[in-house]
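Look for chain A in each of the two complexes below; its partner is chain B in the first and chain C in the second.
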Partner chain A sequence: MNEVTPRSQGSSTRLDSYVDRYAARTQGMTASEIRALFAVASRPEVVSLAGGMPNISGLPLDVVGRAIGDLIAEQGPTAMQYGSGQGVPELREQICEVMKLEGISAHADDVTVTVGSQQAVDLVTRIFCDPGDVVICEAPSYVGALGVFKAYQAEVVHAEMDKDGLVPDALRQAIAATRAAGKRIKFLYTIPNFHNPAGVTLSAARRPEILEICREADILVLEDNPYGLLGFDQEPIPALRASEAEGVIYLGSFSKTFAPGFRVGWALAPHAVREKLVLAQESATLCPPQFSQMAISAYLTNHDWLGQIKHFREMYRERRDAMVDALEAYLPKSCQWNVPEGGFYVWLTLPPGIDAKAMLPRAVTARVAYVPGTAFFADGFGSGSIRLSYCYPTPERIREGVRRLAGVLEQEMELRATFGATTPPSLAARSGYDAPSTDIN
Partner chain B sequence: MNEVTPRSQGSSTRLDSYVDRYAARTQGMTASEIRALFAVASRPEVVSLAGGMPNISGLPLDVVGRAIGDLIAEQGPTAMQYGSGQGVPELREQICEVMKLEGISAHADDVTVTVGSQQAVDLVTRIFCDPGDVVICEAPSYVGALGVFKAYQAEVVHAEMDKDGLVPDALRQAIAATRAAGKRIKFLYTIPNFHNPAGVTLSAARRPEILEICREADILVLEDNPYGLLGFDQEPIPALRASEAEGVIYLGSFSKTFAPGFRVGWALAPHAVREKLVLAQESATLCPPQFSQMAISAYLTNHDWLGQIKHFREMYRERRDAMVDALEAYLPKSCQWNVPEGGFYVWLTLPPGIDAKAMLPRAVTARVAYVPGTAFFADGFGSGSIRLSYCYPTPERIREGVRRLAGVLEQEMELRATFGATTPPSLAARSGYDAPSTDIN
Partner chain C sequence: MAPTSSAADPGRVMVLAGGLSHERDVSLRSGRRVSEALRGTGLAVEERDVDATLLPALMAEPPACVVPMLHGETGEDGAIREVLELLDIPYVGATPAVCRTAFDKPVAKALAEHAGIRTPRSTCLPHEMFRELGAAAVLESLVAKLGLPLMVKPAQSGSALGCTVVHNVSELPSAMVNAYAYGPVALIEQFIAGDEVAVPVIDDGTGPRALPVVAIMPDGGVYDYTARYTAGSTEFVVPAQLPEATLEECTRVAIAAHEVLGLRDLSRSDLIVDADGQVWWLEVNVAPGFTETSTVPLSIQAAGLDLGKVIAELVQAAVARPAHS
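Moving on to the complex of A and B:
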């Protein structure tokens, strides 16, 4: 405290006088350089294809208002009081009904409510991961989960995906190589449906094989499924948890099927793990927000929430179509992308030699934003890819955004044709800590 | 996953097949044995002097309902959306106004909103504490904070209090002894006002000395202040943070001055620390609940919240009086207790030889509950003390509860006179991990 933080200096040069006191886990925790860009990208004139914010403008505010008004009038003192660390029992029953839609048979006593499913990833990692432990993740994987694993000093080993999701042989190889290196694998973290950021879905045919590999290798599966009910063309594929109760911890969320502002997600876990999760939750927050939980419970009770999800699916399908049509119409033939069957994201592979992170400032100048692929890898890969989200902007804005992106790409390709690669490979491969944030979740 | 958890067995004999996979921090994380008793203690026929739940029955439900109804109608899509990891800017401005009441001059940019101040303790510990680091705490200290320090494998060193709060010489000795043992101190955790569980307040005269000791020793102060505005007889004493900005991280909460069900607390930290707190918050939850924050902001804007706090103070003073009068009337002369000038708690020292934990089952049978003192020590001390809370029951119930407690104590003293100490000292000193929970927060 004898040092004084020089408050008058700009943040880029401000010295951190506490730096010697932080825990080891904190030393690498710095804001990614793309944050500053996203502050610019939030201006209305920029079309953001970067954010993962759901579009909740279609929610019936009158219904929500009435349900919450009744809640305050009839159960206010309970809703505004502390609650159980595990979560509101009635909501946990309703969560079991929601999970039935994906073939899961579960008991409310095995559900722990969390502050969004982000906190569920945090708590599961907290109870399982010592520094140096390995988590196997798809390549690419959710930026917010990679941030958690990093915060607990766990090591991420990536396994490839293809159009049918995680590749079984790639998983086998990742397990074998990790164990050959003498490292301990704690779990497989997977997003089987409408993957963030890759947009692909683990096919029904592959699911038993992935489970069997994990069962044989004796590693847990952390199944993160925020988008499962947002498929455009078919009924949900049964969850991994539907056919394996003891080896799978399943995470769900109301953020995409209702609204994220209440921060209510959950973990369904084998009983012994659930006990630890509740203890961890009590240590982290005492209890998840009682008011949020009872508000969601009232909404589920009083509204045709499945009908609402159907509306969301139609809205997102229209946006997906707008994006895919625009990509087809505007982008150079040397780009590649997938056509997602649900969820929020398209994964776009750029023409060879284009660096997504180096291009981002020029894209923002051209009034379009995206997330560079490197954010979704723990190992510096992904510089030739970007994630595009179609969840939030209108179809017109999506088309305009893709048109602008195509213009930036063409300039970039011309530059490259004239001067060679836009960024030295050594710089392109350097991966900062891309802290998860609501800009890019 | 080849092991199968034998689900049909009772929880006490259920094997945990995941036990070999947990992180080191999780191994000691077991529910305390007093939990089962608190499940019984929540029955209506039991007078619970155990819980720390605020009594919010006096909140104006019509005002809250109108404020939240307007919020949904006018700003619903924003309130239900993801928000900033740091928290809603308008609420952070209002938090600065609240802190002014305790002499704190702060900028909203240095405030991080958290999921209750419990999460603030968690995040501060996360960024500062490596396993083996030392946190200095008062003796006794808040059970929920001790749980966090344990979860991060930090070691707690206690320093004595007296009627004027933390004793400066005890702090000096704790620092010297810890450093002599070659250990690294990360911060002093202190609850200066209406201490939980001790009921005492750090006198204004001692505050500069405590700050000077920490400044000289170059250790941070984590000032946890949920009860500061709930004094009965005088205006708030200026916070430690009021006279030291760089060496103090200040934690506040709306749980006791408004309502805990929204789970909104905050940390005011030096700028560099605040940056790490926001990154840690984003990793933990993406963002604190936007809806909760905007609901509290609307309440603060539309209601005479200071007048409401005045009502709370009067209500709690009446309950404090009821408890102190009943203790005087019913308890054996060999008991000792303090008369708190605010907050929720009385710390009661039992007659010599009585073990508070051993007595608890008999007290619950006699339909009164309390928290044994051992819950508030990291080192097994406290077996001769109990925490009594007067915040929630009515004055009549408080008197009846104390009367029942006096009966149990008399029986216990008779047993002791006949058979000697009620519990072998070795058992009394054994301290399990008393996980924080809403039963005893």
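Moving on to the complex of A and C:
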């Protein structure tokens, strides 16, 4: 360029005066097109099959309201005060009763109450993982946990699942390959029941084998079980923790069996680990919310909470049936999906060549939303799958959402037939932090 | 009920933000910032989403003026402004017919080019054309005509959604699919390498004038959605460090585009200054972003102006404008 006149003196800005000071772990915490699209999904015109919000419309709000009123009237000064870092003792006793339903025998001293089980994932990762340590996760895995592992700069290695859950040989291979690469494995993160997002359940036959593999390899198991009591046609399945006390940290939650707004979950850990969890909890929050804990404790004491869970199960089963029936009715044969026996999610594999992330803008235009499969992988995989949630919309809305999705898919298949199977370069490079925030549960 | 206003206080101002477009999130942020800025000048401001309750609310209690901060379709294609025209409610910005023209990139480019404004060579194709003629043959013709690299974008969209730079022929099919995810028509244009700049144009009734030219330097080299809306990931220089003659040319082009397309009140032209110092006009925004990372507020600040006062003046001008002008 020929400069005939002087260049102007402009002032430079990055619009973030802290840009050079952020920790390395914030890398990837950026705006994304996918997250922006989820802003539209929150509008009522859109059938959102994306978010995993529990449907608490069936809760007896009058009963809960009275219980909370009584709590304030009778124990207000205690309920609104700081509490123990480990959690309210009475609630921890009740948590042990809840866990008995899944065959777990535990002492309240080994329970640490957390701010949802999400915080339990965070605390466990905080006390175990240094940057570069490896966490083995199912493929796919819970997006909220992947976010935690990334924040602590842990590396995620995925192990395949099939219709019976985590594949033992895949776990063996993942362990062997990771160790052969000279990396340290800190734990296996697994969701054995009604998996988020895959919808599958680890079969009873595989459970001892998975535990044995981890025992032999000296790998801790982090068992995340928010959906265990939400099976549709069966008694609760014995937890991994039920048969292995020392090698398993068990995470539970009241978010799906009662209400997520209280933000109460827990970790049941071996004694030595529990000590560190309590210290980590005190460092993070001083104590879990006393008011929420006491409200839940009152609810468990005074209400037929098992009857309420039965009601939730029936409601979610009706919605699962609506979704599966609609998928059968509307989707092309080249799609595949599982029929979950509990929980909130169907994992849908799209016809070959369809990119779930690239298709999302078209879906949002058609007023239906889903979560692209890439959100559930730490390594960029999953573009050929989507997670569909049936927990929140009514059965009629679910059917309408699937009908709209089928139309979107038809257009996308036509486009792919025209241009061939492709992966848009601008989208393929991105991974992580793409899921809607309501999935962090 | 007729809105009441005076020269000093036009009355209640309604800022529309959100909507159902792909840019809803950006729009909400723009709307929030503009509302706060207007409140800072002492005006009574109501922020509102566009939904089924809007029309009854507008009819029951019409605001003195509407500031449409809706990005993307509905907001920028003129649709919401048609409704405001129907209700005789003053609003800031271009008329519906002009929005329809300006928001459609191929149409706006054709008009600009006809008026002598330099814009990259391009073609515009609906996806049905590829299906009917066969994608391979059409893509081959595209590359033969326009060469490489190319920029592929939806004919109607904003915030760089669905835009892809194509360096190799093999990347072209996926770029087309990416663009068609946002709409049925794609614009394929010659990619011009150079300095990316934005030039806001405002007109408070005294004629269009350009604000300082903003140079945009994204860390990754591409000013995509992430670079636009992640604070810190793009460096902005205002005014752009370019030769004075080049800055003047940028200003001239932005004002020319504003006038040729019949825009009013406010617009933002996006330009490229190539290695030879030639200025290329890419597109214009009839409802430019006002988020914390947007270029228009930066330019207003660099001009020594107050954001709230600038928009308040546009509100005053809109209120004073005769109906259907």
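Quick notes on this one:
Here is the rule we go by: the second predicted complex is superposed on the first by the 408 of 441 C-alpha atoms of A that agree within 3 Å, B and C clash if a C-alpha of one lies under 4 Å from a C-alpha of the other, contacts with A are read in each partner's own complex, and residues count from 1 in each chain.
Here, contacts are C-beta pairs under 8 Å (C-beta built on N, C-alpha and C of every residue); 3 or more make two chains touch, one makes a residue touch a chain.
All figures in this text were calculated on a predicted structure; none of them were measured in a lab.
In the superposition on chain A, A:A31 makes contact with both chain B and chain C.
When both complexes are overlaid on chain A, the residue A:A176 reaches neither chain B nor chain C.
With both structures placed on the common chain, the touch criterion links A:A204 to neither chain B nor chain C. Once the two structures are overlaid, the count of chain A residues touched is higher for B than for its counterpart among chain B and chain C.
When the two complexes are overlaid on their common chain A, residue A:M359 makes contact with chain C while staying clear of chain B.
Once chain A of one complex is fitted onto chain A of the other, the partner contacts of A:R263 are limited to chain B, with no touch recorded for chain C. In the superposed pair of complexes, A:L306 makes contact with neither chain B nor chain C. In the superposition on chain A, A:V40 contacts chain C only, with no contact to chain B. Looking at the shared chain after the overlay, A:A272 reaches chain B, while chain C stays out of its contact range. Residue contacts after overlaying the shared chain place A:S57 against chain B, while chain C stays out of touching range. Of the residues of chain A, those at positions 1-5, 7, 14-16, 18-19, 30-31 touch chain B in one of the two structures and chain C in the other.
Taken together, the chain C residues at the contact with chain A in this complex read 20-26, 28, 51, 127, 130-131, 135, 159, 161-164, 171, 173-178, 180-182, 215, 224-226, 228-245, 247, 275-277, 292-293, 298, 302.
Per the touch definition, chain A reaches chain C in the complex via residues 1-16, 18-19, 30-33, 35-37, 39-40, 43, 45-46, 355, 358-362, 364-365, 367, 414-420, 422-427, 430. Looking at the complex, you find that chain B touches chain A at residues 1-5, 7, 14-19, 21-26, 29-31, 53-54, 56-57, 59, 61, 64-65, 68-69, 72-73, 76-85, 115-116, 118-119, 122, 126-130, 133, 144, 147-148, 151-152, 186, 214-215, 218-220, 244, 246-247, 255, 259-263, 270-273, 275-276, 279-280, 282-292, 295, 435-438, 441.
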